[in-house]
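Chain nomenclature is as follows: A, B, C and D, assigned in order of appearance, with residue numbering initiated at 1 for each chain independently.
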Amino acid sequence: MNSNVFERLESSVRSYCRTFPTVFTRASGSRIHDARGNSYIDFLAGAGTLNYGHNHPALKEALLEYVADDNIVHSLDLHTAAKQRFLETFESLVLKPRNMRYVMQFTGPTGTNAVEAALKVARKATGRTNVIAFTNGFHGVTLGALACTGNRHHRGAAGVDPAGVNRLPYDGYLGDGIDTTAYLDKLLGDNSSGVDLPAAVIVETVQGEGGINSASAQWLRHLERVCRKHRVLLIIDDIQAGCGRTGSFFSFEEAGIRPDIITLSKSLSGFGLPMAVVLMKPALDCWEPGEHNGTFRGHNLAFITATRALETFWTDDRLSLAVQRKGEQVGERLAALAQRFPTLEARGRGLMRGLRTPGEEYATEIAAACFDQGLIVETCGPRDDVLKVLCPLTIPDDELGLGLDIIERNVVRRMERDGKRNARVAAGVFRP
Amino acid sequence: MNSNVFERLESSVRSYCRTFPTVFTRASGSRIHDARGNSYIDFLAGAGTLNYGHNHPALKEALLEYVADDNIVHSLDLHTAAKQRFLETFESLVLKPRNMRYVMQFTGPTGTNAVEAALKVARKATGRTNVIAFTNGFHGVTLGALACTGNRHHRGAAGVDPAGVNRLPYDGYLGDGIDTTAYLDKLLGDNSSGVDLPAAVIVETVQGEGGINSASAQWLRHLERVCRKHRVLLIIDDIQAGCGRTGSFFSFEEAGIRPDIITLSKSLSGFGLPMAVVLMKPALDCWEPGEHNGTFRGHNLAFITATRALETFWTDDRLSLAVQRKGEQVGERLAALAQRFPTLEARGRGLMRGLRTPGEEYATEIAAACFDQGLIVETCGPRDDVLKVLCPLTIPDDELGLGLDIIERNVVRRMERDGKRNARVAAGVFRP
Amino acid sequence: MNSNVFERLESSVRSYCRTFPTVFTRASGSRIHDARGNSYIDFLAGAGTLNYGHNHPALKEALLEYVADDNIVHSLDLHTAAKQRFLETFESLVLKPRNMRYVMQFTGPTGTNAVEAALKVARKATGRTNVIAFTNGFHGVTLGALACTGNRHHRGAAGVDPAGVNRLPYDGYLGDGIDTTAYLDKLLGDNSSGVDLPAAVIVETVQGEGGINSASAQWLRHLERVCRKHRVLLIIDDIQAGCGRTGSFFSFEEAGIRPDIITLSKSLSGFGLPMAVVLMKPALDCWEPGEHNGTFRGHNLAFITATRALETFWTDDRLSLAVQRKGEQVGERLAALAQRFPTLEARGRGLMRGLRTPGEEYATEIAAACFDQGLIVETCGPRDDVLKVLCPLTIPDDELGLGLDIIERNVVRRMERDGKRNARVAAGVFRP
Amino acid sequence: MNSNVFERLESSVRSYCRTFPTVFTRASGSRIHDARGNSYIDFLAGAGTLNYGHNHPALKEALLEYVADDNIVHSLDLHTAAKQRFLETFESLVLKPRNMRYVMQFTGPTGTNAVEAALKVARKATGRTNVIAFTNGFHGVTLGALACTGNRHHRGAAGVDPAGVNRLPYDGYLGDGIDTTAYLDKLLGDNSSGVDLPAAVIVETVQGEGGINSASAQWLRHLERVCRKHRVLLIIDDIQAGCGRTGSFFSFEEAGIRPDIITLSKSLSGFGLPMAVVLMKPALDCWEPGEHNGTFRGHNLAFITATRALETFWTDDRLSLAVQRKGEQVGERLAALAQRFPTLEARGRGLMRGLRTPGEEYATEIAAACFDQGLIVETCGPRDDVLKVLCPLTIPDDELGLGLDIIERNVVRRMERDGKRNARVAAGVFRP
């Protein structure tokens, strides 16, 4: 019998644990510790779930107090005091200041469940079935959401053909100078384009899994305009880019657009607890009671930490400004590397940043070296060739600097090895 | 502006809160309290999520300790000490004693995500797309699972046609004396039946949402035999009936069958925390790393309470015996009502019980009266005509009796009103 | 280079030519001749396309005259004199005498195109997508029709999952004494049956490819009643059983039902020329112009022969009576065989008859022996174990008798070989 | 009762007869006559089915002789002498001179059936489900083919969601200077493009229904190259553009490409008789016997006329040269109109030509005026704004000139009315 319980009992589907092969035990802020006594700076941040770091004291305090006092933990979609406070707080701290009128649907507490609900309500409200999704998009792996997800690795596991989605090129996909929303506009206006009039367009403002591709604010505005023109709903999937990751609470605020439907999850609870919501304009709320349900829609511990997170971080613009500042710092460090090694490319905005390397073998090797040196950073993109820098938004400056130093050191080392090899090849010393 | 934040901000999809219109605040054991100071006996139990009651002290203690100590909360599918202990405990307390060899996949922490993963892996392992599901089955509402769910209310909201599923009649659906597995056997063996050879059959041993329909142990054995004969996988969806609800840990133990794949969720964490797993025979574990993923696969708070729940309740057979005893008690009380009023029908096994009334208006009225008198009990079934008695397994005898008294009182009251009316009609006093 | 042009140039998909490996040249009535000078009695009749035999002189005359005179051959869906005469004749000889009010849609001239159109208009008229088809049904192999076809051989070649169809057991499929329309009734009336309310039920009154299974008149009436009750359309696919094959023009006349939609093809042109129509009740005719189109909707040569066929055979009941008489004769001969050899089973009605043998190897061997002796007869059914007796309706008595003699001789020979072998085994002389 | 049998009995789906409201009776060459004694020049030519004109004497003679002599008319997929001669003639006159090695599958005798078979065999041979089709493409209206067809009018009648097809922009769709095959290349090479690796690309070299859009020879070569690079099959749907319509027998000969699969129908029989074939490279012929079947695969009258058509027109290059010459003549006349009225656009190649007008109301009015003056010409394109000039290839020069004169006259009249109106508006005389 295999003495390792993970290998013995856990399905081969496990993934991150292969890249970061240790047993983690404790964590706080942007630091995470393992059973062997090692400590790591966390640039993974739960793939965008820990925007406020691990075990933030203010959130932890609220959670402990709530649990200790025998408050309601699980409530289906019953009314609870915890949900009430979350709704009121979200309204006063997020919606009202942005002059946004939306109703909220609590779905099963994962992003993919929120996407499924968003697609359903968009289809129900419009009476259409088609949905437009974009190249390199990621929206989850349950069947409805998976149809919108671009990755063949995930799509290939669907088991049945994911239906009801047409694929359009994301901003920049057809090269510079081509506005891909013009193509969408033409397709929608053409009665024999073969692209049926869709219920909705679903899009991420920054594609996380897709390799840290950012849509420009202008492109997002054009996209909104095309949607309005053809009376198609615009769904912003803000599961990874939302909750402050790009600076503002919603990632689309910079563009000044007003999506019809918004999905949020990941960092919404602020503490890593499962939670997901769909925001929709009131006129779209055509649900009948219970049409879309789920056992864990009422995860009150998440309501509690989410409320405290909003109170802690979103009553003023300090977090936003910090994200902006640190984001620029990360961007500059990555840009400097890209300038030094032209096969690299710096990507992203806010604290959602990436460095595209020449290939998966580069990114993988660099991430592994970083891990050995105390930094957790993952890779992403269609070819897994992009280092994904997604530290907690609350990371102290020194730890951020330390993490970036580790990245820089290992990137340089890897790229210079190439350089030397190329020089030797050029000098005839080495034959590849 | 609507002064009620729920009405103002929450989508019309909310459902339970319409039946039990109050704001709940605290709970412990089988008691739940609201903001107006009312206390209720809870025969809803989170629709089967709170088998060990609300805020069980042993689980609460483990949770508080874990959170207080800055342990890992969110971990994607990284290895953590909490997950390790859960795996070891599940192996030693659940799998080994039952001589079961399975690997475990942690999916997004909702039942529907587990069902999606189970369907995918079954399709991948067999290379087939078709799946057999049963009349009145419920397996979730994300698109892949929804295709298996029978309810038109949920199916109608799909937005696209749920594909890849054929429907077969559940045990008893074609009337007494007809073994519906023989029909399945014929279809699978017939080259022009029109039912393509399926990857899997997915079935609940007791259909909860479907109206508390129990499959007999013999039918389950026949089903397993038909599956083996045609090399089709057998998936038991034990999300609602598992974790002790019918007495044994798994609901299919009574039948002595060995499913290829098992889904668990709801009461698995024991504390109402989101958690879901897929168990599969090792030979089926054909997943490639990360093929099915999700942000909240590593919800360590749930691992902690789940581990403690196993340690508290599954080291001996006391809980099982108690469920058996209380289940019989509930069964007898419901049977007595059914004997007294022949239009009623008692259903279910263990502590998964139901009382079918003559129609939705009966069940709804009785449930509402119960609520007024301090008992929370929901309705279910295709016509919403079944009272669903799903108390915590740990309910004290006196509270169980009290709850049953309330049900009895209101059932009798409603049925006798009919009786009097019928008598008056018969006597010519009243003309309907 | 292969000297056989068929093997050299024709796809491996060719099929009948493998069973009857010769090159056919000329034919008339129920006789067909090959290039080697052999003559065969034709009990295949173009799989039901040549109800009036090969090259019927009256039809041939009309055809020659029409072509010689430079009349319109191809007309899309333009009005032509030939189409006009066909419409008038069909109205006066088929519809009016039966008091039927239907409009006619000329589709692409194959049965499967007609089925596709029928499904579309049923879905359009009802706004629903689901369709009910039956075990062992055959409705064509283009994707929409294929979803209704039961055979795995054909379904497996679909390439994509055929969607939108639920499968129900045909008359007799669940054994004697079980009326499968009661199951359908229950499913349609059950809100969580998992079978969505369908647009239509599509059914053959006698399943040709499915093995010559006849639905009883009573079952058809029950089916119609269930359809009416749930406001579901009833489509009779009369492509093989129609045009007199069972005695009456439509095969459902015996049952006295009135389908909402009827598909006809095969023997409609009477001369083997491609032609297909959909008949629908006027209220269902919700087509917009050109929504369903096709190049060969206006095959005027077929209109000409179809008109002449109606005039020749359907002005009185002589053909019907002859079919009845000959059908009984065939039935009796097959029944006698089944009585003599209890593993045989006689099936069918009218001149749509079959003899089920113990297995494909029997049916194949018998058909091959018949071919050697001058009779063309094919096999059908899910296991290809049914001899399918489908002679021209106009076959002279002596040729019919001759054909039946050949069948009888070869059936007896094959079955007696079994008998002798069994006897030897029983006597210990032979060990299998 | 409506005295018009067409209105009384024919479904509202009828279409061409609304544009050309008369009853046609006889025809020969490029002339067609109606019951009122009118004669028309035929620029519709059965939507490309009558490339050799109506009732060509050589073909008619072969047909009459064949029918008169009691040869086989209907043969399923049995071998017949007529089929044998067709195969040999197609091989010697079409395949061999072009050095093409293909096997032939006779499908149900309509274009859409051939497309269904082509899609199936491509999916079967590759084991993939996705297919790439293009904007404005038309491939038929049975469900499998319909998924490839672009027109919303047709797609909207599908009844279920047509699945398994991704849509790419046709040559020129993204504007001049953008090679849309580069986009396809990028999508296929990108693991998270969301466009699953397809079985095949299906394309028309000139889109007939789509508005007479011609792909350039270079674009077709690039498309072939992208297909080869990613091991994707290339299907040329040559149903409308083939059989000499663009000059060469196949429309893709100009581009020098070698498709993996080719569909032919429409003018293949040469006489307007239903016929369709799929040509595929021998290595792709993975069909099992009978997997794709159909009653009218063996329409021997069509084999006879098709053979005679090949013998009459394809033994030398006279027809090709004539098409080239007449095509240029048509092209020049249309170009001259487009030069005179800049809102017009001349399109197409060979004798597949179109004139795009400013809108449907123009094209419809012009076509109606032409009809009144003795010319049948239809409209096409997503907006029905393109006059489609598709005369028989064999049209005498004088009739071609006459037809073009009628078009010119009516186009000029319509456009000048605009001009005068614009002038009056400009002069302030008229207020629109």
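The rule is short, and it goes like this: contacts are C-beta pairs under 8 Å (C-beta built on N, C-alpha and C of every residue); 3 or more make two chains touch, one makes a residue touch a chain.
Predicted model only: the values in this text are computed from it and were never measured.
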{"item": "Selected pair, greater C-beta contact count between A-D and B-D", "value": "A-D"}
{"item": "Cα superposition of chain A on its sequence copy chain C - rotation in ° rounded to nearest 5", "value": "180"}
{"item": "Rounded Å distance between chain B and chain D, as computed from the means of their C-alpha atoms", "value": "57"}
{"item": "Centre-to-centre distance between chain D and chain C (centres being mean Cα positions), rounded to whole Å", "value": "32"}
{"item": "Averaged-CA centre spacing for the pair chain D and chain A, given as whole angstrom", "value": "48"}
{"item": "Touching two or more other chains - residues of chain B", "value": "129, 153, 156, 160-161, 163-164"}
{"item": "Touching residues (chain side chain C, partner chain D) in the complex", "value": "5-6, 8-18, 20-28, 32, 35, 44, 46-50, 54-55, 60, 63-64, 67-81, 83-84, 87-88, 90-91, 103-106, 108-113, 116, 119-120, 122-124, 129, 140-145, 147, 153-154, 156-161, 163-164, 199, 239, 265-266, 271-274, 278, 280, 285-296, 299, 301"}
{"item": "Sites on chain A touched by chain D in the complex", "value": "129, 133-138, 148-153, 155-156, 161, 163-167, 169, 173-174, 178, 183, 186-187, 190-197, 209-211, 381-383"}
{"item": "Contact set on chain C toward chain A in their complex", "value": "160-161"}
